[in-house]
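Both complexes below contain subunit A, partnered by subunit B and then by subunit C.
Entry: the complex of A and B
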């Protein structure tokens, strides 16, 4: 395989993984945009979804993509309850409180999962594996990654449709733009918040399932994914769905290019590149690259 | 009534004689350790007093290496929490990656003391003795803080917190990846030096220095400008405070002290790798202990660390498997229900620190309370 073939194959892989990054970011970005809460337990919710997929796959023998039918409602309920019990109390308080509470939540979730399933890395096995080869140029499309991209795009489109075309989605956007005015026109803010949190957690859990056949999952993988979600959100703007997709693909491309063409960095490249991207974007364009529900500067 | 009890507790804690007695006792404690060693070397006891004291020391073992190590670890935690409090509490920049300076200090000490696994490591920077190596660790941490802080300290609020968390995670990965210097998964081993009383005294002296230093900083104009930055950064800038310079200065000071402690810890531990040195839990410890004691107070980190260290010991001894879960729940409870910390509770409507006046006040007739009109 010569250089241009390698480059094109790397770009394909970057775009395929970018869809996963995009859908993984949405939950984080919408929660931040609507409630002003930075959810440091985001990566742990992802991990929870991945572990649910793994349990159903290994112990019940389900196809991983089918487990979405269970993961989405269960994670929605979990998010709804956590919002009512915990997050509602801290929305009005300074951001430090929300950071610390969600950090505490992250510790509890990670150590509970470690207690039950030990810290061994796990992976789910899907029937849709192998490669689709093309006659021209000899490029290959990994089947699992392509399915993940399709599922991610479907979920993103679903959320986009929900937020922009349905009545409830409009009330969520109204609550994000002006809480007082939304309350005045009769929107029940607490219910809207709880449903938003539930939907975002359900999406995050689903993204965890999409991740489970691609790479190993373990109880302490959360922090790295929270950081990636933060980097992409900072690039895309809060609650900006096409922006999240673009940002995710950008991160995927950067990661894959670095991993292919810079030797010796190996597996740690993802975290370093997302960190570098984060700092560069934050320092040069603090309002985000594409704009969103709100400029991040307005959030206090 | 509750207020009176809190006042009494506060007055006792801050009484200068009580504080002096605690410090003297802490300084004298290792002497029991040495006395036991001296007793063990004696062939026969010459007097009944000596007999009873030595029998007690040898059989009961009141101060062992383990006790000294426990105290040293507590002192290290207090120093770290006090350092974190300089940026997190006074300046209001919540740093989720402060452990990066601790880890860098540890690695710098290890490398300067000549434990590098790389043949091309410059000879000038190896085989140093401990003291210059520890100083070098502080300087390395401060330089790193200058480099990283001049970018990240321009970010506001949560952006700073996450950027620092990113710094910690990325630094850990970079250190782990550069395995010919850091040893990668094998880690580095330092020259073995197992003199527990030495480390105990070193950390005690550093603890006294750091706490008094933080108190001194709070009393200077520089300290006031830091608090002004926390309360209203734009306002502080308009009053002519060079906010960026002040933030970077305090960040570097805090990183320098954290690096020193990291160097001492590495030498005490005699082994380190990327996961131990850049442990995320250390940052959580700093945040939790300062929050529990009271953010932005001098005594807060000391009280918070002591209580949490003791509590963790109890949890560890009784619920080994669940202690991490309990810790997370504890963090949530502290933040939700006592966000101002123990010092905040003690300071609210307090009637001063003079023990004398407080005790006298108990015997005076209380003035009738008038309902407040507003």
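Entry: the complex of A and C
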């Protein structure tokens, strides 16, 4: 394989993983955009989804991709309940409180999972493995990663359709843009927030399933993923779905390029590149690359 | 216009924020078909009356009756269902949504999509300017157009009573005049009852049937608007002599 082949294959891999990054970011970005809460337990919800996939896969023999049928509704319920009993109570309080509460939630979740399943790294096994090879140029498409990208794109499109084409989805955007006005037209903010949190957590859990056959799952994987979500949100802008996809792909490309061409950086390359991207974006374009961190409700 | 049919009856209203009572016994009556205007200095509690009646803040004492029912403990969605809409003082459009989507949100409580489409068309007939801009993002329109959209959105659910908090706030005099004409039209042609707060006291009293002056959380004057316009005390305090 010469250099240009290697480059193209690296780009393909970067784009494939970028879809996962994109869908993984949505939950974090939409919760922030709609209710102004920075969910520091984001990565832990991802971890929880990944463990659900692993348990169903290893103990019940399910195909990991099929576990989405369980993960989506269960994580939705979990998110809905957490919003009602916890987040709704603190949402009007200073931001620091929400940070502390979600950080505490993260620790509780990670420690509980460690108690039950130990800290051993895990991975799910899918029957959709191997490579699709192309006649031209000898490039290959890893089957699992391709399915992950397809599933990620479907979920992103689903959320986009829901927010822009359904009455309830529009009410979520309305609540994000002007909370008082949303109340005036009869939108019940607490219910909208609970549904939003539920949907975001469901997507985040699903993203956890998507990464379960690709990398190792462990109880303390969350923080790195929260940071990635933060970096991509900074590039994409709050609640910006196409932006999250682009930002996810950018991070996927940067990571894969670094891993291929600067191999000495080793296994920690992912976290280094997302942090570097975050710093570069915040320093050079604090408004973000496509729309930025300005909250939708501040745009008048 | 007074046919003696009381639509909204606010009795001895107490409400406020935290430990402070802003309203200390406000009384208001709005008859069906009237335009009623509330004036008074800043901090008199005018907006607080609306917030309490509409269920944004709790009523601590006293009660509110609308169309014969006790609405004291109603939340905003209950008020809408009962037939009351509100246009607040501050900009309240959904800025990133189109004009059409904003109107759709005005009928959020209606399940039947066909009803919503039909009603949007009716509002477009009422405000042709909005029809021209239906695909435009509301936040990119002029202040007057946004106010028109706010009124249109408030009318979506076919209210019997429209509460308007300073319809002229932040608008140029010419636009204010247009909005006031619009309010008079809605009152005359649709029989819409309007309770409004107006900083622009003279203009507000001129288009209204009844007027109330609020001071320090209490009524200080009330009566037919034309009497208030002639009242020397009201004139010197609120109408610039």
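Quick note on the criterion: the second predicted complex is superposed on the first by the 291 of 300 C-alpha atoms of A that agree within 3 Å, B and C clash if a C-alpha of one lies under 4 Å from a C-alpha of the other, contacts with A are read in each partner's own complex, and residues count from 1 in each chain.
Please note the rule applied: a residue touches a chain if its C-beta (ideal position, glycine included) is under 8 Å from a C-beta of that chain, and two chains touch if they have at least 3 such contacts.
Keep in mind the model is a prediction, meaning the values are calculated, not measured.
S.K.: Is A:186 touching the first partner subunit B, the second partner subunit C, both, or neither of them?
M.R.: In the superposition, A:186 touches subunit C alone.
S.K.: Let me test your reading of the model: by the given contact rule, A:230 touches which partner, first (subunit B), second (subunit C), both or neither?
M.R.: First partner only.
S.K.: Is A:171 touching anything from subunit B or subunit C once the two structures are fitted on A? First, second, both or neither.
M.R.: second
S.K.: One more residue to check, A:200. First (subunit B), second (subunit C), both or neither?
M.R.: A:200 contacts neither subunit B nor subunit C.
S.K.: Between subunit B (first) and subunit C (second), which, if any, makes contact with A:103: first, second, both or neither?
M.R.: first
S.K.: Of subunit B and subunit C, which one touches more residues of subunit A?
M.R.: B
S.K.: According to the stated criteria, A:95 is in contact with first (subunit B), second (subunit C), both, or neither; which is it?
M.R.: In the superposed model, A:95 contacts subunit B only, not subunit C.
S.K.: For subunit A, give the residues common to its interface with subunit B and its interface with subunit C.
M.R.: In subunit A, residues 296, 299-300 are touched by subunit B and also by subunit C.
S.K.: If you look only at subunit B, which of its residues touch subunit A in the complex?
M.R.: 94, 96, 151-152, 154-159, 161-163, 165-167, 169-170, 173-174, 176-177, 280, 284, 287, 291, 321-322, 324-325, 327-332, 335-336, 339
S.K.: Please output the residues of subunit A touching subunit B within their complex, sorted ascending.
M.R.: 38, 86, 89-90, 93, 95-97, 99-101, 103-108, 111-112, 114-115, 223-224, 227, 230-231, 234, 264-266, 268, 271-272, 274-276, 278-279, 282-283, 286, 296-297, 299-300
S.K.: Quick one: which bits of subunit A touch subunit C in the complex? Just the residue numbers, please.
M.R.: Going through subunit A, the ones touching subunit C are 167, 170-171, 173-174, 177-178, 180-188, 296, 299-300.
S.K.: In the complex, go through subunit C and note every residue touching subunit A.
M.R.: Those in contact with subunit A are residues 54, 56, 76-77, 80-81, 85-86, 88, 90-97, 101, 104-106, 108-109, 113, 139, 153-154, 157.
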